[in-house]
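Working notes for the structure below.
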Amino acid sequence: MRPSKRAADEMRAVTLERGVSKHAEGSCLVKFGDTHVLCTASLEERVPPWLRGQNRGWVTAEYGMLPRATGDRMRREASVGKQSGRTLEIQRLIGRSLRAVVDLKALGERQISVDCDVIQADGGTRTAAITGAWVALNDCIAWMKARDMISAPVLVDHVAAISCGIYEDTPVLDLDYAEDSEAETDANFVMTGSGGIVEVQATAEGKPFSEDEFQALLGLARKGVSRLVDLQKMSIL
Amino acid sequence: MRPSKRAADEMRAVTLERGVSKHAEGSCLVKFGDTHVLCTASLEERVPPWLRGQNRGWVTAEYGMLPRATGDRMRREASVGKQSGRTLEIQRLIGRSLRAVVDLKALGERQISVDCDVIQADGGTRTAAITGAWVALNDCIAWMKARDMISAPVLVDHVAAISCGIYEDTPVLDLDYAEDSEAETDANFVMTGSGGIVEVQATAEGKPFSEDEFQALLGLARKGVSRLVDLQKMSIL
Amino acid sequence: MRPSKRAADEMRAVTLERGVSKHAEGSCLVKFGDTHVLCTASLEERVPPWLRGQNRGWVTAEYGMLPRATGDRMRREASVGKQSGRTLEIQRLIGRSLRAVVDLKALGERQISVDCDVIQADGGTRTAAITGAWVALNDCIAWMKARDMISAPVLVDHVAAISCGIYEDTPVLDLDYAEDSEAETDANFVMTGSGGIVEVQATAEGKPFSEDEFQALLGLARKGVSRLVDLQKMSIL
Amino acid sequence: MRPSKRAADEMRAVTLERGVSKHAEGSCLVKFGDTHVLCTASLEERVPPWLRGQNRGWVTAEYGMLPRATGDRMRREASVGKQSGRTLEIQRLIGRSLRAVVDLKALGERQISVDCDVIQADGGTRTAAITGAWVALNDCIAWMKARDMISAPVLVDHVAAISCGIYEDTPVLDLDYAEDSEAETDANFVMTGSGGIVEVQATAEGKPFSEDEFQALLGLARKGVSRLVDLQKMSIL
Amino acid sequence: MRPSKRAADEMRAVTLERGVSKHAEGSCLVKFGDTHVLCTASLEERVPPWLRGQNRGWVTAEYGMLPRATGDRMRREASVGKQSGRTLEIQRLIGRSLRAVVDLKALGERQISVDCDVIQADGGTRTAAITGAWVALNDCIAWMKARDMISAPVLVDHVAAISCGIYEDTPVLDLDYAEDSEAETDANFVMTGSGGIVEVQATAEGKPFSEDEFQALLGLARKGVSRLVDLQKMSIL
Amino acid sequence: MRPSKRAADEMRAVTLERGVSKHAEGSCLVKFGDTHVLCTASLEERVPPWLRGQNRGWVTAEYGMLPRATGDRMRREASVGKQSGRTLEIQRLIGRSLRAVVDLKALGERQISVDCDVIQADGGTRTAAITGAWVALNDCIAWMKARDMISAPVLVDHVAAISCGIYEDTPVLDLDYAEDSEAETDANFVMTGSGGIVEVQATAEGKPFSEDEFQALLGLARKGVSRLVDLQKMSIL
């Protein structure tokens, strides 16, 4: 049995709360159980230097954790003077995941920066961040549409993400921190609303995993993402 | 008339919500109108190197702003690679203010780190931070008392802070961002529950101010802090 | 047809040259075609602070690229003052991959640092690095065994890695740079000699990929890693 | 009685020596007793990026301490790799204080950088720096006037600064290091030649201070600044 | 007798292997015995900002060491976050030495960056680097000539370098690491093909050296550089 | 004729003023004409980690320039966040030069840090720094002797330095800034009181120099250092 007492294919309660920021063009506070991530989308009328004059836009992401989002206080990255490898890895993943469903030409020469800040962490912060970032991005694009800044559709599909893992030899969905730290394998799947796979990251923490185990994780993830996409759809009604 | 339509001596709605963090020993989400600051107090069983072996504790503070807490997105300090002068100045102020009401001997050889992270900014973030930090610190100390970690009182008084300024030649209390950017003088007062002054910072933005104007600001601040201390008392009942 | 004229399941010529460093306890110059990576394993009689006194060792990796390893000269990370997110991500991957086949208890309280420096790059540097790093690590451990520093086996299996991708709708094995920059999907697989999976990283560069496509990549990778493990075995005879 | 044997309202011997730098457009070596600060004003025909094209100039300040300006050698900030929070706080204060008496429009699109480097420290370095910086700035502007670079007055008033504190329950003027480290309250006042207040910074080091005590400090500071402005006037005759 | 058993005026075996990089416009792997340095010359169609619009080019150099190039593993400078003083000193020396034989006007508004990366170190890395860098630079310029990018000769002379030292009171040529760490005096000489001196760096490690000793070192160096220039000439036939 | 109208072998007026710092154990303000360097020697009862427990001391040096020591204001290294290659090179040179005349065993397990800060620059700052640093160091050691902290002689000889150069084909002594920027060759010589050579650094700025020219520079330097050592002797009477 899982520490969380959830069934193997049972996700935590997920909520997506829009419009939580007075200033951002789009925002979403996403909760996967006790994991809370604030996602804001900020529109800027400029693109990175290497993209100038190409008539295309850019979507990027930054990720951070408040120092006491975790059980033990972590050192503030701004005070340490650099972002950790983990932080850089996660924000690159979020950016790639969002760009997989954005038509950068339709966006025009503009950049949208999505900030994902973990207010409270209990496992699965990167997958919650991707799921919530899509909602913030969607609202930012709606904001632009309302001002006639874009004509063609910019967001061409949903994208959401969920973690899976092998806990005491059983494949389980949506690991919380207690489960994650005990899991033998930890995997993150990013998928689109139409069922395409955008990113797979699977890591054996202790012993290697088999192809069969991997297939079981993929099956769980498909179920989870499908449920998350439904929640995204309801949230933007 | 103020942009906020408030009377000259009228503060914004202030709320102090405790217990907002699953992990921290003490926490408080403080709101001064649209300024929202999350304060967490983290207990660590160690002190800075220069304090070791002296049988005394330490209270320190760190301050940060989410990149889109403000009207325009600001660069993330962790990504820039250093904290700005403004950030360092504010976190030093918060730390000094809290230590002014803490008996460091009674705390024992431990450190409490108070993180003040601005979720949304609309002027007065440093004064809101100090006011909320006291509540988080108080809960952290209650947490220690409940575990018999301390015997003598550690927190010897309340401390709270408020900004004042001269807006169109009129001294006004608790400036929001619109008022702050137009104010001729900007002042922050940190005071204790028993009426002592802990810190005064007054700055002429444009033309210098007179002694009379300063006295008017001090009078307003006294009123404001007294109200904030009442709110702190109600919040910890 | 692939730019490299190779068959879809054909790897580049792979060589593993041992003993290339006068100083290192183990070393290997690995070549996957025009991708050349120098791997050295350095033994140190100390472990990271967080591991002290636990009677276990550690294996870590660092990755770097010479500035002109690539078609255009890249800025030297030492001169920029920090390692890029890509560098940090790759060296974390190499370290995890090696630790998956190391018995850290049998190693004793020591650290082996494996440096993987790309002398020349033509795609697939991280997979070449993992494959060569295993050989360097194996020689380092042989060096220790020859000095009676360890008794139980430290390296419990082989580990090797290969990239795959979808190029013009066809799944292909071992992408060189020209193929990689055109591929729709880019995946890296790390597997053991006994067929276990250690790490999967698959990324859709343009459009999402399907589950079937992913299975095809996995099949190719299995073939490739099996060949690489054979080459490792021959190299250490 | 004060350690310095001075009366409560007695300042240290103050000297302002002009023209001490062969290269700078304006310079002043200011001494408040054993506190010696070298102030140089450097004219540059450019403004910060955010001010370009607005037909206004800028005055900024930087502050530093030689490593052995103090009783114990401090680490060199250039070698540490960053300026401390204290340094940033002080140089921001000096810059604001000078700009309070400068007509930035009359300056034209140019920047004057005032460097304040502490050659020897014995308390009150920031107030000495502001007082000497005004003299350096005045000479820099005279240098410009002599070359017909400006027509309208740029410097519209004097500005000077002094510290006060409460030492053994007595308000005293101009603290040296020995007094400062024992003082219960430490305050810095920046005022203009015409009596306006530019900046007040008052900090309770131990116990909070009362409004009456604050008024006493303000009275002392007024006296001290008035004397410093007289000395500035004499120095530029 | 020297640890290397070489005669006092005997250099190590020197080889200069050209065309070792698939990507660089010019490259050379230089070996002075067990000291191996990879030199690549990269052409860029831009000059540093301070040189723009002056119709002249620039030649610069960067130097690095792989972490396990040495007997003990050194920390990677990219991971430390800065280049050491030694590294900066050496790369400045290499750049100056090359520029001494380059006609920057004839180069046109372009920059050539020469990277010298020490693959394996056994003393004399900076002198090997200069000697090999000249060959890489020469090939880069030949590459440009073949594309009619330049007309006048850019490289006006050879430049090469050698170390000398006083080992057990005897002046010796081309110190390896074992000799260098025991030498009382360590000197590096950079000279041109026509016998001019470009740079002299002589340092007493323990006791000062005499003028006679210095003359002996200079004589040895002249011999050594003359031999190196011959080898350069043969390598580019 | 030299811009300075000095004869080819004529130095600028040199003064060595001792005891200029209230706090440092030894200090000297050295002037070579308009080049002014403040040297302080600070005693610390600890050695660098790599020297602990070896019963020997250490002498190290740091070098800095005030931003407006030069004709154009330079950026403050503390604000840039790192010391330039030039700064690191110079402070390593000063440290080596001083250690060449110190008996580190006789010093005991202590470190003396000599800070050389250029108050005003007009060429030759590194040679002035070495010359003045010796005086500061000598006073620091006298301070220790007066407190019976050392018994054997610590400073075993004088050390001083001077620059030479080839200006319009003529070898000249002690270049000021105007001469230095026009010189074809620039050389620095560090020598002891007994005539030994500690360090030679000679650089061709434009065309290479000949052996004869080098000998001429060496002859001039010998003369200059001999005069500087006389001045050191007079200064410490």
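Read from first to last, the chains carry the letters A, B, C, D, E and F; within each, the first residue is number 1.
The rule is simple: a residue touches a chain if its C-beta (ideal position, glycine included) is under 8 Å from a C-beta of that chain, and two chains touch if they have at least 3 such contacts.
Please read these numbers as outputs of a predicted model, since none were measured by experiment.
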Going by the contact rule set out at the top, which chains touch both chain B and chain F?
D
Touching both chain C and chain D (chains)
none
Just grab the chain with the largest centre-to-centre distance to chain F, centres being mean Cα coordinates.
A
For chain D and chain E, let me know how many angstrom lie between their CA-based centres, rounded off.
50
Using mean C-alpha positions as chain centres, tell me how far chain D is from chain F in Å, no decimals.
33
Rounded Å distance between chain A and chain C, as computed from the means of their C-alpha atoms:
28
Going by the contact rule already set, what residues in chain F reach two or more other chains?
81-82
Chains in cyclic order, anchored at chain A, direction fixed by chain B:
A, B, D, F, E, C
Touching chain C in the complex, chain E uses residues 21-24, 27, 34, 38, 40, 42, 44, 62, 64, 66-71, 73, 76-83, 87, 113, 115, 117, 119-120, 122
Inside the complex, what are the residues of chain F that reach chain E?
82, 84-86, 88-89, 91-92, 96, 100, 157, 187, 191-192, 194-204, 207-211, 214, 218
